[in-house]
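Two complexes follow with chain A in common, the first pairing it with chain B and the second with chain C.
Moving on to the complex of A and B:
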């Protein structure tokens, strides 16, 4: 890839973020804002003795334990962000290749020196690598606020919870892990991304119905006609979250290079090839 | 090869069917090679012994 192609690709990514900023930037920011307000409200409402008790329990829990050893606790606030990210990603993918055909702007984009492959790849990179970044950053603000609030509360009650810098380090590390988990989750569900993009490039109307209806129909047809459930089994194997939730950077590379991950990406790529070629039919 | 490609890329419907067929064939081959369980959802329940593929026996027993 020469520098010019790379530059064009970066412009495509900027276009994706510009067009979908409400999905991938505003949604996690709004969610973080709502949770922050709820946390502040809770901090003000909870009576002093209960707060003191909670801090003491936390102190006991982290006695002699490094915060880095309890990363799942730090990553827990990411759950609503990951759920919102998934919902936004599905909405984005379903409309990604459908909307520009619907409003005929595909004709304009195809007149530009940008290939269909680059267009589809920009959508994939956006949903796999950029969207998780904003979700992780918004979640990170929440984690850092929690760490600061806990440290300040602990100091006001003359308690010491693992030390502020240690907590802060674990908080920052958990932001990285939330990002890596989200990226792995997207790659783990790569066949789903390929499937949705294929139908997004194909349908002329009712994209949600076609995308999910066709898959459900195929699941039933396989069982009815052949008496097998390979597709259902494939879907079931993709629902195991053990394969993409990571609690250390080492885990990330182990999961990334696992057979199941790579075969999923390869199968998703087959569907993406279909989506890229489907862009030829712009009408 | 070129002829096959030109036939597949003739219209959007053919391309969709060809892509889905290729995907399913790959999933099935991988499932057979890796010996994945081909039946996942059965109506097995210790409190309810209906098996749809053995409905006569169920009727005769009840």
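Moving on to the complex of A and C:
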């Protein structure tokens, strides 16, 4: 990829964020704001002895433990962010290749020297790599707030907890892990992304109904015609969290390069080729 | 002159409906072509085929390319405004500028900004908040700043008031057209663009009914205001169309020498709209539709 192609692709990504800033930027920021207010309120409301007790428990718990082993604690606030991210990603993908056909603005996009492949790729990169970035950063604010609050409280009770800097290091590292987990989650669900985009490029109306209805129908038909549950089992395996929650960068690469992951990405890619072709003569 | 668009036997079906029925076109570089036809004649389908937006049968080359092969490459040399109000509503004016500047190698941002400065469009406005006329102004500002060889306008002024319509074509002619670029304008409001055009293409029910340079109209067509006593005589020469005008009969002849017709009355070259009606009616009569 030469620099000109890269610059052009960057503007396509900016375009996606201009259009979907509410879904991918505003919603995690608002969520972080709400949780932050709740945390502050809790800090003010919890009686002094309880806070002292909590800090002491933490001190005992953390004795002799490297701060990097407590990262799972810091990753917990990511759960609501990941849920919101998934909901927003589905809304985004269903409309990604549908909305501009509905309001005819596709003719404006098609009048520019941008290939359908580049357009579809920009949507995929947005949902797999950019959206998780904003979710992880917003969640990171909460993680950093927690680290600071624990350190300040500990200092005021003369407790010794791991040390501020190593807690901070653990916090920052867990932000990275939240990001990698979200990315891996998106890649793990890559066939879903391909499926939704294929329907988004194809349907003329009722995109949600078609996208999900067709899949449910397929599940049903398989059972009815072949008496098998291959698809259902496959969905079950894809939705089990075990496969994409990572606790280290090493985990990330190991899971990324696993056979199951690559098969899913390849299958999703086939569906994306379908979406690109569907868009060629669409209006 | 070299043809920038060459089409032969362009055919397109929508299901069983034949939208294009063997269109032939040869559009010379540097022309301003009016693609004129009634609603549903196949204008938009023809343009879509030209722009690589639909599949078709037959031969077609646009700027020496097959439009189906790589639309995004074609769009470096061709630009189009498909209809009013197709700019994405969620976008802001500055974002539209930024986007086109980012993706189009032939976009001159300074030129677009200069054009916008002559309008009341604010850079931070959302396109949704602009009036229909302003959206068209913005689109024109973007498109005129792109240096392409072929510009295609499909009913560009549909739904605009007369002031915006006039301004649109004035700007197009004065600030954009330079004699090298080719412009195709499709419309059914003929009068509006009549004076702009160098070439005329009529299409009806998916077929080319007429294709000639504006200068050829006078050679090929003549309208005579026939005196009532000469009417019978004139009708023998088979005018393609007649209409009542100021108590007389205006008869339109195709390929008849003026010398032969002068004896019936006053001769003049028909306007494009009269010619349009005449050609369409005569075509329908001939086919018994």
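The definition used in the following text is that the second predicted complex is superposed on the first by the 283 of 283 C-alpha atoms of A that agree within 3 Å, B and C clash if a C-alpha of one lies under 4 Å from a C-alpha of the other, contacts with A are read in each partner's own complex, and residues count from 1 in each chain.
Keep in mind that, in the parts below, a contact is a pair of C-beta atoms (placed from the backbone, for glycine too) under 8 Å apart; a residue touches a chain by one contact, two chains touch by 3 or more.
Since this is a predicted model, take the numbers as computed values, not measurements.
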Looking at the overlay, does A:8 come into contact with chain B only (first), chain C only (second), both, or neither?
second
Of the partners chain B and chain C, which touch A:114 in the superposed model: first, second, both, neither?
second
Kindly classify A:281 by the partners it touches after superposition: chain B alone (first), chain C alone (second), both, or neither?
both
Which partner does A:100 contact after superposing on A: first (chain B), second (chain C), both, neither?
second
First (chain B), second (chain C), both or neither touched by A:19
second
Overlap of the chain B and chain C footprints on chain A, residue-wise?
280-281
Parts of chain A lying in touch with chain C, wherever the complex brings them together
7-8, 10-12, 14-15, 18-19, 100, 103-105, 107-116, 118, 280-281, 283
Interface with chain A, chain B side, in the complex: residues 9, 11-12, 15-16, 18-20, 22-24, 26-28, 30-32, 36-41
Chain A - residues contacting chain B, complex:
191, 195, 198, 202, 214, 218, 222, 228-234, 236-237, 263, 267, 270-271, 273-274, 277-278, 280-281
The answer for chain C against chain A in the complex is residues 48, 51, 53-55, 70-76, 79-83, 85-92, 95, 98-100, 102-105, 139
